[in-house]
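Here the chain labels run A, B, C, D, E and F in written order, and each chain numbers its own residues starting at 1.
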Amino acid sequence: MNFQDQTSYQIKEKIDTSKVAILPVGAVEAHGPHLPLGTDNILAERLSVKLAEVVKGLVLPTLPYGQVWSLRNFPGSITVSNKSLINFIVDIGQSLYQQGFEIFVMVNGHLGNGAALKDAARELYETCPDLKVLYLFYPGMNSAVEEVRETPASHGTYFHACEIETSYMLYLAPEFVEMDKAINDIPDIPLSADATPTPWEEFTESAVLGDATLATEDKGIYIIDTVMKNMVQLIEGAKKRSQNSDLNGG
Amino acid sequence: MNFQDQTSYQIKEKIDTSKVAILPVGAVEAHGPHLPLGTDNILAERLSVKLAEVVKGLVLPTLPYGQVWSLRNFPGSITVSNKSLINFIVDIGQSLYQQGFEIFVMVNGHLGNGAALKDAARELYETCPDLKVLYLFYPGMNSAVEEVRETPASHGTYFHACEIETSYMLYLAPEFVEMDKAINDIPDIPLSADATPTPWEEFTESAVLGDATLATEDKGIYIIDTVMKNMVQLIEGAKKRSQNSDLNGG
Amino acid sequence: MNFQDQTSYQIKEKIDTSKVAILPVGAVEAHGPHLPLGTDNILAERLSVKLAEVVKGLVLPTLPYGQVWSLRNFPGSITVSNKSLINFIVDIGQSLYQQGFEIFVMVNGHLGNGAALKDAARELYETCPDLKVLYLFYPGMNSAVEEVRETPASHGTYFHACEIETSYMLYLAPEFVEMDKAINDIPDIPLSADATPTPWEEFTESAVLGDATLATEDKGIYIIDTVMKNMVQLIEGAKKRSQNSDLNGG
Amino acid sequence: MNFQDQTSYQIKEKIDTSKVAILPVGAVEAHGPHLPLGTDNILAERLSVKLAEVVKGLVLPTLPYGQVWSLRNFPGSITVSNKSLINFIVDIGQSLYQQGFEIFVMVNGHLGNGAALKDAARELYETCPDLKVLYLFYPGMNSAVEEVRETPASHGTYFHACEIETSYMLYLAPEFVEMDKAINDIPDIPLSADATPTPWEEFTESAVLGDATLATEDKGIYIIDTVMKNMVQLIEGAKKRSQNSDLNGG
Amino acid sequence: MNFQDQTSYQIKEKIDTSKVAILPVGAVEAHGPHLPLGTDNILAERLSVKLAEVVKGLVLPTLPYGQVWSLRNFPGSITVSNKSLINFIVDIGQSLYQQGFEIFVMVNGHLGNGAALKDAARELYETCPDLKVLYLFYPGMNSAVEEVRETPASHGTYFHACEIETSYMLYLAPEFVEMDKAINDIPDIPLSADATPTPWEEFTESAVLGDATLATEDKGIYIIDTVMKNMVQLIEGAKKRSQNSDLNGG
Amino acid sequence: MNFQDQTSYQIKEKIDTSKVAILPVGAVEAHGPHLPLGTDNILAERLSVKLAEVVKGLVLPTLPYGQVWSLRNFPGSITVSNKSLINFIVDIGQSLYQQGFEIFVMVNGHLGNGAALKDAARELYETCPDLKVLYLFYPGMNSAVEEVRETPASHGTYFHACEIETSYMLYLAPEFVEMDKAINDIPDIPLSADATPTPWEEFTESAVLGDATLATEDKGIYIIDTVMKNMVQLIEGAKKRSQNSDLNGG
């Protein structure tokens, strides 16, 4: 399953059989006092491994740097620009296409990468017409989240180092969580955060957007199970579309 | 030492104390029947960890994709362009500079990245004048190699999946080597390989440039020890230059 | 208020007094059988004029081309890339900064422009540190929409030529609406639309995402009033931050 | 005729019938005490509408920002770079080509856009071989101008807010002209203006290059009639070349 | 005077004394049956040497490739894009600025380079504020040309391999002219050549735009003398402006 | 043989017969007290002429500006970036391909250009598949150098204005050498020069890397003869590959 552990002699057949490349994409970013800087990388990686088992995909090495504009001034955060990220991923995608993959799945652990991954996917849509490209950031998580969360969301789309993300970690990578350091730090995110460039230090000192003390493994399991089902469904759908293209001489 | 395993709360002081960021840079690339596609990543990573212990550096997550033009048509190889690689690394470097690092060390496990890392370092030289940037590809290995190698080099600068690189792996990551599959496949590299774009399939089927069966852990230890000393010396030199800049108000 | 109707001799003083430049940004895009291709331009323009009256801003000529990837294959749609759009707007912003403006407000009538405007704003944040840049796409509309809508939303973030947008037009530009041609055409937007490049012709023939026949002027008034209050508040907030910067020698 | 006032349902047939897209391109730029900043936009727009009537073309929304390097320091001028302008227009052209247009006419009201429009047209010539692209800046005006002008030209190619351009406005958009503020301000343009970057404030305070008081509607009519005939002839020529390409399977 | 024939040890003082760098810029382009492909390079070079003697400038090696879009399909023409040409020249200019030059004169022998050189000069205007940059294409030649030419110009701005340019060669580089092969081939250049991308093979087979048989050394001398006076005057003007900047601490 | 001295009328047949374009690429760079700034240009040019005679190639005008980062601070050095150099050369190569050339040989006189020429060749490999591109920097010189040199090399790959390069000049362009000014100035190049951006002024004042007083014409002849044989062999090889492509419908 782990792509880079294979030899070149072994991989050809595995690509032909699987057709599905899974790229974990994360970031190095402040995640409060209880989660490591690499949280988004770890989550993307663990999700990818689980996913690969189900869809018979091959997991590529994690791309561990992402667009971290909002938190770039917090200790330990490392950011790359949207432009650099797009070009880097487009190159990877084109290379996978040359290698014979038909499905390229980006499992994204960092919301800030979203716009870049979408743009990269669209560029690949033009240049590699037979490659199906997916960018997955916890697809369909919202309904499951609503069922389990005990505190309201701090923001319409952001969640970070909070009840939710910490629950993901408690399920997928508990050895990296220090729950005794988890804090409750619900910020008051101003409307302007969605309307003007707003470094997060303007509204939070901890980078925690919620009550991390309420995180539990069970919540993580509940949401991630839903997310995983959606991911699998999306990839199976892409496989079908890909086969149809093949049949039609695509 | 492992940067991304730290929390944001812990890292500030460690950056201030260490000042040295170490980025392993590798590639996913065919390495014959006995070494995994991720060989360059694994080597860069293991070297970085060893180095970090000596120079009190912080090891960043590995950048696992590199410029693999020559071997891009071999099964499993993934390539990104020089341009994309340069821009990505420049972004990382500028971010490290903002975070307070004074020394940015790229430990490169893949020769093909050389030109891009050099260009990236020069761009950082202009934009982050106080940041010392090092790009290290087994510095000073040649003399030690000459002492231990039993077969002549296939090429003036290339070595790949051969007696030498396999020895590195036997020392640094033996669990990834399948010596029973190692082969002796010394290619006849034409002069034109240095004068015109030449995909390696034109002169090798295995991607092994030498006699991998002659690799031993001892050879790996002997060369890597030399390389490690050189790396340490280069970083200590950079630290001194950095302190001098500080004293002079640089 | 209309910037380009002024002469150069008149404008200097007006810039000094107002400090607020308002740029309507829209798109040329299919909007079903009852709304014109220029709907997003018209809405951005009318909103800008209303807004300018309250905040004493100067309305620039509308930038009438936007990123219309999703609907680009529908008759009459015209699209520009994110990259071109970002660069164009950054140039305008830098020029406004040179002219003495302190607040640059983009009133956006087209959701697809969102990522580009955000990126442009961030680039201006770096290069014109004293310029406050706002990108406004019906800020805070969601709560008001929930109060008045009679049919559920087709999608978490998209709304298009539907009950909502048609209501905006009935309020702000009724002369461009042909209500007798309005249709009810609620599509079933698949989960994959948020996970893979998905031209909208895959799930809608009309480009109407909802029941446009339920649109009313009153709904438009109700939502737009909320939006307008939010816009005003955001600009007043930016003015305060700008004045603070001035006081602090920013 | 007005493209963006049509609905998507109406436009398909109109594109098929007309094949001619007309894009007014102007600028926001100082035009002395008697003409508005938007003069070039207004002229491009009015010319386009007249032209569209004759050639059965569709008038796109005006692109109201142009390259205004020379006058960028005058109050109210807004400039974008050649590069941004080229890329933006190339995107529009490619989109029009996808929509089925065969002739793309840029009616340019601002001399400073000339180099960018020419470059954009050449790029489209390579990428959209069947699209005929025209960039029109008062084609063939010189002979007519010579017949009516009462004062000599200030410069070989520039004319600005002077006897000529003001006459255009008196014909095409008299409601925007304040003739009582028109001045006679013939500058002495040094030879160096064509040989080194020369902001116009170095030789004019008013941005008027001539005697605007001599402008008359009749002069405007006389010149614009000639220009209009030339524009029509150029478009008819392009139509013929386009049909020939079609016949030849182009 | 010839820059590259000096040693590094000699040049420092010469730069300090002269302050004026002269770069001949030409092209490789079809010039009919009687003039060589390198005509524009030869003219730029000879003019530069003459000019350097008068203004005490240093002549750099000729940049012999230019933008030759219009004639690129004629045998022997070589073209580079505006973008590549601009970037290349900007780099040279910044390097000259670092070397201590205060005046950077481009002596251009090829009209097609005009837009690129102007853009390059403007970019240097921003990035090297103390460097005066001149782009000279036979400045002020028109009046002198009118006095001597025996046939009317084929075009308002183009002249090529004709009575005029051949006369330049007969004066400056007669050894490269084969007058017995000179032809009279006045094309009928359509209005569309200034309004749509028009490769010159559409209106000329020879690339001669006029009657080359009428060329004489005397005509060349007459025009070039005027041009030379203008060039000298422009450089002297730039020197004065440069010294004023120095005095004002610019 | 000299391309730009031909007329357009003469060149078509010569291109068809020869198929080989030779571009000398050099640099303007400090070369100590005894060699001119243009040394690399002169060497590239003289080598190209010799080579053209043997392989029946056409010599293009020299591209006299290169990447001179390391020596850019020495008096008289002029540098362009890798990026600008790559784009410029790619344009030239594509133009030569359009003109009917099948072999594009870059004879490089400046080591610093190496990475850019290699990248340019790879880009042409993708875009002009039938064009064979060679980048030649004294191919195979090392063995011959070892036989004649009297002092050890200062560096593994660099040689500059030393025993070797001065010998080249004594053979190919003796009129530009001032042997009485030649010096012996062997620097101690630190290991860090290959690991961090290192302007050469950090280890040499003269830019001479060796003992130039030991240079002789005979050494130059000996090495250059080897190099020339290799160049010829490489071009003949490229011709064969090109003909094979032709036969196979390439």
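We take it that a residue touches a chain if its C-beta (ideal position, glycine included) is under 8 Å from a C-beta of that chain, and two chains touch if they have at least 3 such contacts.
Note that the structure is a prediction, hence the values are computed from the model and not measured.
S.K.: As a test of understanding: of all chains, whose mean C-alpha position lies farthest from that of chain B?
M.R.: Of all the other chains, the one whose centre lies farthest from chain B is D.
S.K.: Where the centres are mean C-alpha positions, what is the separation of chain C from chain E, in Å?
M.R.: Chain centres of chain C and chain E, defined by C-alpha means, are spaced 48 Å apart.
S.K.: Distance from the CA centroid of chain C to that of chain F, rounded to the nearest Å?
M.R.: From the centre of chain C to the centre of chain F is 56 Å.
S.K.: Report the inter-chain centroid distance for chain D and chain E in whole angstrom, where each centroid is the mean of the CA atoms.
M.R.: Comparing mean C-alpha positions, chain E is 29 Å from chain D.
S.K.: Could you list the positions in chain C whose residues touch two or more of the other chains?
M.R.: 83
S.K.: Report the order of chains around the ring; begin at chain A and proceed in the direction of chain B.
M.R.: Read from chain A toward chain B, the cyclic arrangement is A, B, F, E, D, C.
S.K.: Considering the complex alone, what residue numbers of chain A touch chain C?
M.R.: Of all residues in chain A, those touching chain C are 69, 82-83, 115, 118-119, 121-122, 125, 132-136, 139-140, 142, 156, 190-192, 194-197, 230, 233-234, 237-238.
S.K.: Which part of chain C faces chain D closely enough to touch in the complex?
M.R.: My answer: residues 3-9, 11-12, 15, 28, 30-38, 41, 60-65, 68, 72-81, 83-85, 87-88, 90-92, 95-96, 98-99, 176, 178, 181, 207.
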